[in-house]
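Note that the chains take the letters A, B, C and D in the order they are written out, and that residue 1 is the start of every chain.
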Amino acid sequence: MELILSVDSLDVIFGGLAALKDVGFTIQKGVIKSLIGPNGAGKSTMLNVITGVIQSTKGDIHFYGKRINGLAAHKISRLGISRTFQHVETFAKMSVLENVMVGCHSHMSANLLTSGLSLFNVRREEDRVKNEALALLDFVGLLDKKYQEASSLPIGEQRILEIARALATRPKLLCLDEPAAGLNESDTNQFSILVREIKKKGISILLIEHDMKLVMKISDELTVLNYGQKIAEGTPIEIQNDPVVHEAYLGG
Amino acid sequence: MFHITIKSRIVFIAIVLICPWIFYLIPAVSHYLDILIFAGIYCLITIGLSLLMGYAGQISLGHAAFFGIGAYISGILTTKYGLNPWVCILIALFVSGFIAYCIGVPTLKLHGHYLAMGTLAFGIITFIIFNEEITYTGGPDGMGNIKELQLLGFPIDTNMKYYYLVWLTVVLALLFSVNLIQSRVGRALRAIHTSEVAASSMGVNVAGYKIQIFVFSAILASISGSFYAHYIKFLNPTSFDLFFSIKLLIMIVMGGMRSIWGAIIGAVIIAFLSFEWLGAFHEFETLAYGAILLLVTIFLPDGLVSLPGKFSEQINKYLSKIKA
Amino acid sequence: MKKISFQTLFILALSLITMFSVVSCEKKTTQKLKIGAVFSVTGGASFLGDPEKKTAEMLVEQVNKAGGINGVQVELIVMDTEGDATKTNLAVKKLMTQDKVLAVVGPSTSGNSIAVIPLAEETMTPLVSCAASYKIVNNPDTNKPYKWVFKTPQSDSMAVEAIFTHLQSKKINKIAILSDTSGFGASGRAELQRLAKDYNMSIVADETYGPKDTDMTPQLTKIKKLNPQAIVNWSIGPTQVTVVRNWKDLKMDGIKFYQSHGFGSLKNVELAAGAAEGVYLPLGSVAIADILPENHPQKTVTRQYVNDYNAKYNEPLSSFGGHAHDALKMVFAAIGKAGADKAKIRDELEKISGFVGQHGIFNMSADDHNGLDKTAFNMLVVKDGKWAFAD
Amino acid sequence: MDSAFFFTYFLQFVISGITIGSIYAMVAVGFNIIYNVTEIINFAQGEFVMLGGLIMVIFYNKLDLPILIAFLMTVIVVAMIGLLIDQIVIKSIKQPTVLTLIIGTIATSILLKGAAMFIWGKNPYDLPAFSGREAINFFGAVIQPQALWVIGILVVVVGLLSFFFEKSIIGKAMRACSDNQDAALLVGISVKRMILLSFALSAAIGAVAGVIVTPIALMEYDRGAMLAVKGFAALILGGLGSFPGAVIGGLLLGLIEALVAGYISSGYKDAFALAVLLILLFVRPHGILGNPTVAKFKKF
């Protein structure tokens, strides 16, 4: 197994309060890793630090051996880490297709000048990316809605759209922030199928999710956070039997 | 609304080509040609502003400054140093772009009302410089005697020639912008507008694109300023004050922020309103201007460009009622 | 259902615009003498344009009531420039090329006037500006007046010379300049700086303020520190009142205070609430019609204008209206001699001599398209809230 | 020059700066009241000041009412205009994005200016100073009595407002509206009424500013825009939403203008003040006392 992401003794401090304290874990290639914990445990903060939205105070994050702390979000995205958002952040006034095409941004080369002049290779690239985006929409099952405005989709489909958009960046690691929130049972089932399909493509997944049934079903490994600290790590079965985790969830 | 068909581009070019002759042939409105020239000059600025504000979502209350920088550089270098006007337009364009870059890097980190104030401050400071540096700009009395443009040895000395110079530039700027909107860059800009975090997570260099489009809009404003200088042949600072920046804002919003056509419609309508139609109200002019502006903001929040859609919606409703 | 497209609407709007304008421009059948007028009726320079417009409308009404010029009625087309160069350009162009007026009176400000000189020259239409700058009637290339452009107000240089002459008579040679940053203040400031050497004046301070500023204490304090013998202030609007009040508050009475002719309305003296007592200023005769001696050549002309104006508009007269009065009356006189021929009107304007106007007695020539000298200004002082001749 | 002299001049510049700054601060405070409830910047705020001065002219100079009654009447009339603006303009804007609201309030300010030009004409008007015009000597520098009134009323207004927003129930309710409108609705606060109240209150404060500044600087129909720009600059300098910030911003702006005019260049004083503002924003993008997260997540 190839190690792709390693987080070592990471601290994040907001205004004197530690949101994360001395957290470390690793992700292997092709693995679904879940980050769980009660509300306020620091899961979303962790994800925001990895994707460059928030800066860490101390510690290291390495991605394929390269230290990525302090890099701008778009640079981290280009290295191969992509994400979805807890509160959906689709580009509301753009079509579903265009949303996915934004995801293709990093592997396009047109700039302001060549785009404006609409040079031949720009148009060719545009066609290529459009086909790529359509293929992705087909993959996630939103192809028939490609020309709808993103904001017109129900919330569940917007979450799926975010996944398609994230996949369009050709990630090596996909971070999903509560992707099943607000989905009904059949949607959730479809979602778990989708996640497995993504895994088959060789993309690692870092998942934050509250739906424990889903987490236990699809995860390969789990890391449990509480009050900004790692309290347990292991396979779903190990975690389910861990008294410390039970304490954290039930004992408060 | 973002898709601008080939057909509509051709129709637009046709209108641009034919329009002056309609006015030319009717003596009662022959002066509309002059107004259209100024409208075209404004269009060049509003197209850039529309990209910056409508698409990338970054407000600017300081674009009169870039318009002024273009105009004064053209005016000063041609009259005082006798340089070739086209060279001056190029110099002005580079200087404006450079200033926009220097100002944009720190300013575009600001958001919302803070960004509005930042650009506003830049605009006012530039205006004060125009007003104070009397040796170069002539101060509040202005500077005259700016020569007319020549193209390949032919002077552009009639309204008709100037009209085509300005409006063909508008057409080029429009086509460029339309291509831009429907490309990688355009999508990135619109993505930034909705969510900077999401855009950057998709690999979009948010700060970089904001600067790029700010510089681009400043360059368009500068070219527009140079054309203005050579057409009116006289410059004074009040043409580039805060109120002109606000007027540009009004053009964009009145025409419709979310469409590049809105920029053009807004510029043309405001030019005709302020130079021609509102004159009929005499001392009520200011009142009428405020009232019209308010009515558009209230009833057409998406600008005049949304009017045909609303219009046809109403007609369709009416027709379906009749059928039923 | 076919949707109405953007293009259809654009074309629709275009045809509407055209129709609207064709209808709005109904053809005049009766032959009239058309004169254009462009004033800054609103905007920052409305203190000039507003009285000028009222004066012009009053004069045309009077001349038409009296049977017109040589029996032909006069039509005045007034346009508001709002002090904006672009708007002025469009307005003057429309008057000259489309309405084909015989002459244009205005614009009100120097900047706007300079902006339209090329139009007057190209279309060969006489333009009688109501703005002060000497640049309006001085082509820097030839050092002679532009062929088609005249102006009626005294140049700022004349006001400056009147002030400097008075200063010299008081044995004062150390002065401070204050001015606002509008066109009015800036051109006065330029003239003060230019002429100071000729009159042996040393300028120890040269301060400015914005046209909408609320307090000039800092500038005055700085001046106080440098201890000049007199302050010359050049501004317009409320600031010239505020500055006098600040001068009084700072107890700077020891330093004489000179205002520009822009202060020339008793309304300002009243607003200064006593602070203007002892302030000197140069004024054209029209502002002091009441106190002119009976044998003064301008006595009748000015008194009649002031009375007519007060009767018609029921408000005190601003001396700036007099510029439009002089401009329009001269155009009337020229048309009376030349008829409806622009080139001849221009020639007649250039031949005007001994014309008794509101602001002086005009003697035009090929080298002088203003026709006034520094005697056009009287030095006055504020005494008991009224004007009095300064000694 | 000896140091006593130096001190006197410096003091004079400071006094002048505080006087000018207090006026800017009053406008900024007015901006803040509406902003704190609605997150709208009402660009017609300057017109309230203009209207305050000119309406007072009617009540006091023309109708000869006693000064206190005239003052109260003026404040009430302008507050009513504020109410009307909320009812007619703000409420009817269908898609209240920040930009449409900016244009909407600018349109309102143009309308008010046009109306004022029609009613009062273009000439400036004066009001008598509250306690005479005899300047007071203060360590060699002079102060107009009216300037003391301006500073004093600013202190009182800011004190009352702070008390109102911190302690009174209505004030707390108003603040709740800006923090979270949905939550405010849940606990039974009428958001609409609070917005209405904020417009009336800020118009009233604008009117007070107009009445107290007119004796110093006169008032005419087109003064509003300049006051709005300066007030807005003060507001941003101090940080949106903060009352102490508005006061600090206003005073700082006034002081910079006066000191630059006194020691460096009177022509460039406004440019200097704005350059300082710009540089401060580059270092602190949320103003001196503003809330950084709020500054970051406001969108257009």
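Just so it is clear, contacts are C-beta pairs under 8 Å (C-beta built on N, C-alpha and C of every residue); 3 or more make two chains touch, one makes a residue touch a chain.
Because the structure is predicted, anything quoted here is derived from the model rather than measured.
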Task: Nearest-to-centre chain - CA centroid comparison - done: B
Open item on the list: From the C-alpha centres, identify the chain that is farthest from chain A.
Closed with: C
Open item on the list: Taking the mean of the CA coordinates per chain, how far is chain C from chain D in Å?
Closed with: 35
Open item on the list: Roughly how far is chain A from chain B, centre to centre by C-alpha average, rounded to an integer in Å?
Closed with: 41
Task: Separation of chain B from chain C, taking each centre as the mean of its C-alpha atoms, in whole Å - done: 34
Task: Chain centre separation (chain A, chain C; CA means) in Å - done: 71
Open item on the list: If I count partner chains per residue in chain D, which residues reach a count of at least 2?
Closed with: 117, 267, 270
Open item on the list: Residues of chain C that contact two or more other chains, please.
Closed with: 42, 44, 181
Open item on the list: Two-or-more-chain contact residues of chain B, please, as numbers and ranges.
Closed with: 131-132, 193, 283, 285-286
Open item on the list: According to the definition already given, which pairs of chains are in contact?
Closed with: A-B, B-C, B-D, C-D
- [ ] Please give the residue numbers of chain B that touch chain C in the complex, ascending.
- [x] 7-8, 11-12, 15, 19, 22-23, 26-32, 34-35, 38, 131-132, 134, 139-142, 144-145, 232-236, 238-239, 261, 265, 272, 274-276, 279-280, 282-283, 285-286, 305, 307-309, 311-312, 315-316, 319
Open item on the list: Under the stated contact criterion, what part of chain C meets chain D in this complex?
Closed with: 42, 44, 46-47, 50, 181, 207-210, 212-215, 217-219, 221-222, 225, 237-238, 241-242, 245, 248-251, 267, 271, 273-275
Task: chain B contact footprint on chain D (complex, rising order) - done: 41, 89, 92-95, 97-100, 102-104, 106-115, 117-118, 225, 229, 232-233, 236, 240, 267-268, 270-271, 274-275, 277-278, 281-282, 285-287, 295-300
Task: Complex contact set, residues of chain D against chain C - done: 1, 5, 9, 12-13, 15-17, 19-20, 23, 117, 122-126, 128, 133, 135, 142, 144, 213, 216-220, 222-223, 226, 257-259, 261-263, 266-267, 270
Open item on the list: Can you tell me which positions in chain C touch chain B when the two form their complex?
Closed with: 1, 3-11, 14, 17-18, 21-22, 24-25, 41-42, 44, 79-80, 83-87, 89-90, 93-94, 97-98, 110-111, 114-118, 133, 135, 140, 181-183, 185-187, 190
